[in-house]
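So, here come the structures, one by one.
You will see two complexes here that share chain A, one where it goes with chain B and one where it goes with chain C.
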Partner chain A sequence: MNVRLYIWQRATAAIMAPLVLVHIAVIFYATRQGMSATEVLARTRGSVAWAAFYGLFAISASIHASIGVRNILDEWLPLNERRAGVCAIAFGLATALLGIRAVAAVVLP
Partner chain B sequence: MNARYLKHRGDALWLAALVHRLSGLALAIFLPLHFLALGLAIQGEARLQSFLRWTDQPLVKFAEVALVFLFTVHLLGGLRILVIENLDWRDGQKRLATLAAAVSAIVAFAFLVRVF
Partner chain C sequence: MHSELSVSLWRGGADGRYETYNVPQRESQTVLDVVTFVQRHIDPTLSYRFACRVGVCGSCAMTVNGKPRWTCRTHVTKVSHGGRLEIGPLENLPVIKDLATDMQPFFEKWQGAKGAFAPTKTRHDAIAQIRPDTPARMAVDAAIECINCGICYSACDTVRWNDRYLGPAALTRAWTLVNDARDGGNTARLQAIAGSGGCHACHSHQSCQQLCPQALNPTAAIAGLKRRTVAAYLNREIGA
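Moving on to the complex of A and B:
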């Protein structure tokens, strides 16, 4: 892993740490309430705060995960660094697009 | 492989690094699936509701408990790494790694109690 990727991975980790704590609390809350799709969407749709929170979370997680995947492909599989990088970028882009789509699905009115 | 080259693999901090990597890999595999599931809301509330009812199965709930454990242990393991790399060295890293695993198990157990 080069310095640039190292900094991106650590920076996204630092950004996500508080987001993960809040997300775990949300998971516990939603589970306890046994919330239906209607109840979930009633809380998220039209909410700028949830859009910003989960938008940042989804993008950070996609970057962080793709760098981790790249390291694993590079170190554990017989792939050269370039191929590992291409696979990781494809994974990161696909995950980020799905993440943005998911956030849009639950926050757009 | 010569046994002396494998000796470190029994060390608590080597195990902590392995757990961090494997939990990260599992979460990376889960992440796009999670996004796909949430994206069902595009097709309407009924479609998302149908998926949520599917997740009521006991096997899915156990998988969610495992995910909560992996999520928490990856968070705490990552925080330990950030602290090691950015602050002064502190002794007792093996104890901290064990504590992270224990806290994650407690959080996962609390979630297990909630979902059943």
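Moving on to the complex of A and C:
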């Protein structure tokens, strides 16, 4: 890992740390309130704030995880750095796509 | 105390095997004493490396019961299990023969980390005055007593997984120079250790600082290098 990837991985971790805490708090709140999926969706659909919150979460997670996957591939498989990088970018794009799709499903009206 | 030790020594090259010898156990006996006994009294073809025998030169490091140790300062009673010792060459380095490893990759990585002092003055200039209580000089103190034994390099998981990784010793050396006010090579040095295989490859497992015979903390030195390279990158002093 070079310094640029290191900064990206640490920066996305710093972004995700408070988001994870809020996410966990939301889960506790929803379950303790006994909210149904319909009630949750009624609050998230059309919400720019929840779209921004989970959109940032999904993008940060995909960048963070893909850099980690690149390291694992580089250290554990007989791939050169370039191939590990290509695989990690593909993984990151797929993760971002799935994440954004999930966010869209709960925030689009 | 057992009257006799059962000592397994690595014999041959990379494709060698352990052979077992019986060695008399003595009081205050070091692992190096055991190896020397085998060579002097049982098999003179045994190859190993040592020089000072007092923990200064860093030549005699070997793998003792699974962990790299400086054998001249490691007492048998501290590491033997039931009178048994297994002594092999250092890991993560090519085996030349028996207990002797080729240290060339280790020192090549020192060069890769720009571990040579880059002077900024000539012999005609006054000697630099550096106060011992400055933070930079104190940071140097924490890392400067390295004896180049290779124990941290042998203990490092990242070295095992990533043959480009410069390793704890080379990076600790770089950390002493990064904090040396007299040195003028920091831009090239930070550039060298900011790339793939540099300080950011460290996973902070801390085997290096756990096993360093000089009680140095390469992990802390590497953490310092991570901060310095990040600052240099953000200030556009170096590239990725």
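Operating definition for what follows: the second predicted complex is superposed on the first by the 108 of 109 C-alpha atoms of A that agree within 3 Å, B and C clash if a C-alpha of one lies under 4 Å from a C-alpha of the other, contacts with A are read in each partner's own complex, and residues count from 1 in each chain.
The rule we apply is simple: a residue touches a chain if its C-beta (ideal position, glycine included) is under 8 Å from a C-beta of that chain, and two chains touch if they have at least 3 such contacts.
For clarity, every value in this text was computed on a predicted model and none was experimentally measured.
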Ask   = What is the contact status of A:V3 with respect to chain B (first) and chain C (second): first, second, both, or neither?
value = second
Task = Check the residue A:A13 against both partner chains and state whether it touches chain B (first), chain C (second), both, or neither.
result = first
Ask   = What is the contact status of A:A94 with respect to chain B (first) and chain C (second): first, second, both, or neither?
value = first
Message = Of the two partners chain B and chain C, which one touches more residues belonging to chain A?
response = B
Inquiry  = Contact-wise, after the overlay, does A:T38 reach chain B, chain C, both or neither (first, second, both, neither)?
reply    = first
Task = Would you check which partner chain A:I27 touches, where first means chain B only, second means chain C only, and both and neither mean what they say?
result = first
Ask   = Given the touch rule stated above, what does A:D74 touch, chain B (first), chain C (second), both, or neither?
value = second
Request  = Would you pull the chain A residues touching chain C in the complex into a rising list?
outcome  = 1-7, 74-76, 81
Note = Within the complex, chain A is touched by chain B residues 21, 24-25, 27-28, 31-32, 34-42, 45-46, 48-49, 52, 68, 71-72, 75, 78-79, 81-82, 85, 107, 110-111, 114-115
Message = Touching residues of chain A toward chain B in the complex: what are they?
response = 10, 13-14, 17, 20-21, 24, 27-28, 31-32, 36-38, 40-41, 58, 61-62, 65-66, 68-69, 72, 91, 94-95, 98-99, 101-106
Inquiry  = Give the list of chain C residues in touch with chain A in this complex.
reply    = 158, 161-162, 194-196, 198, 200-201, 226, 229-230, 233-234, 238, 240
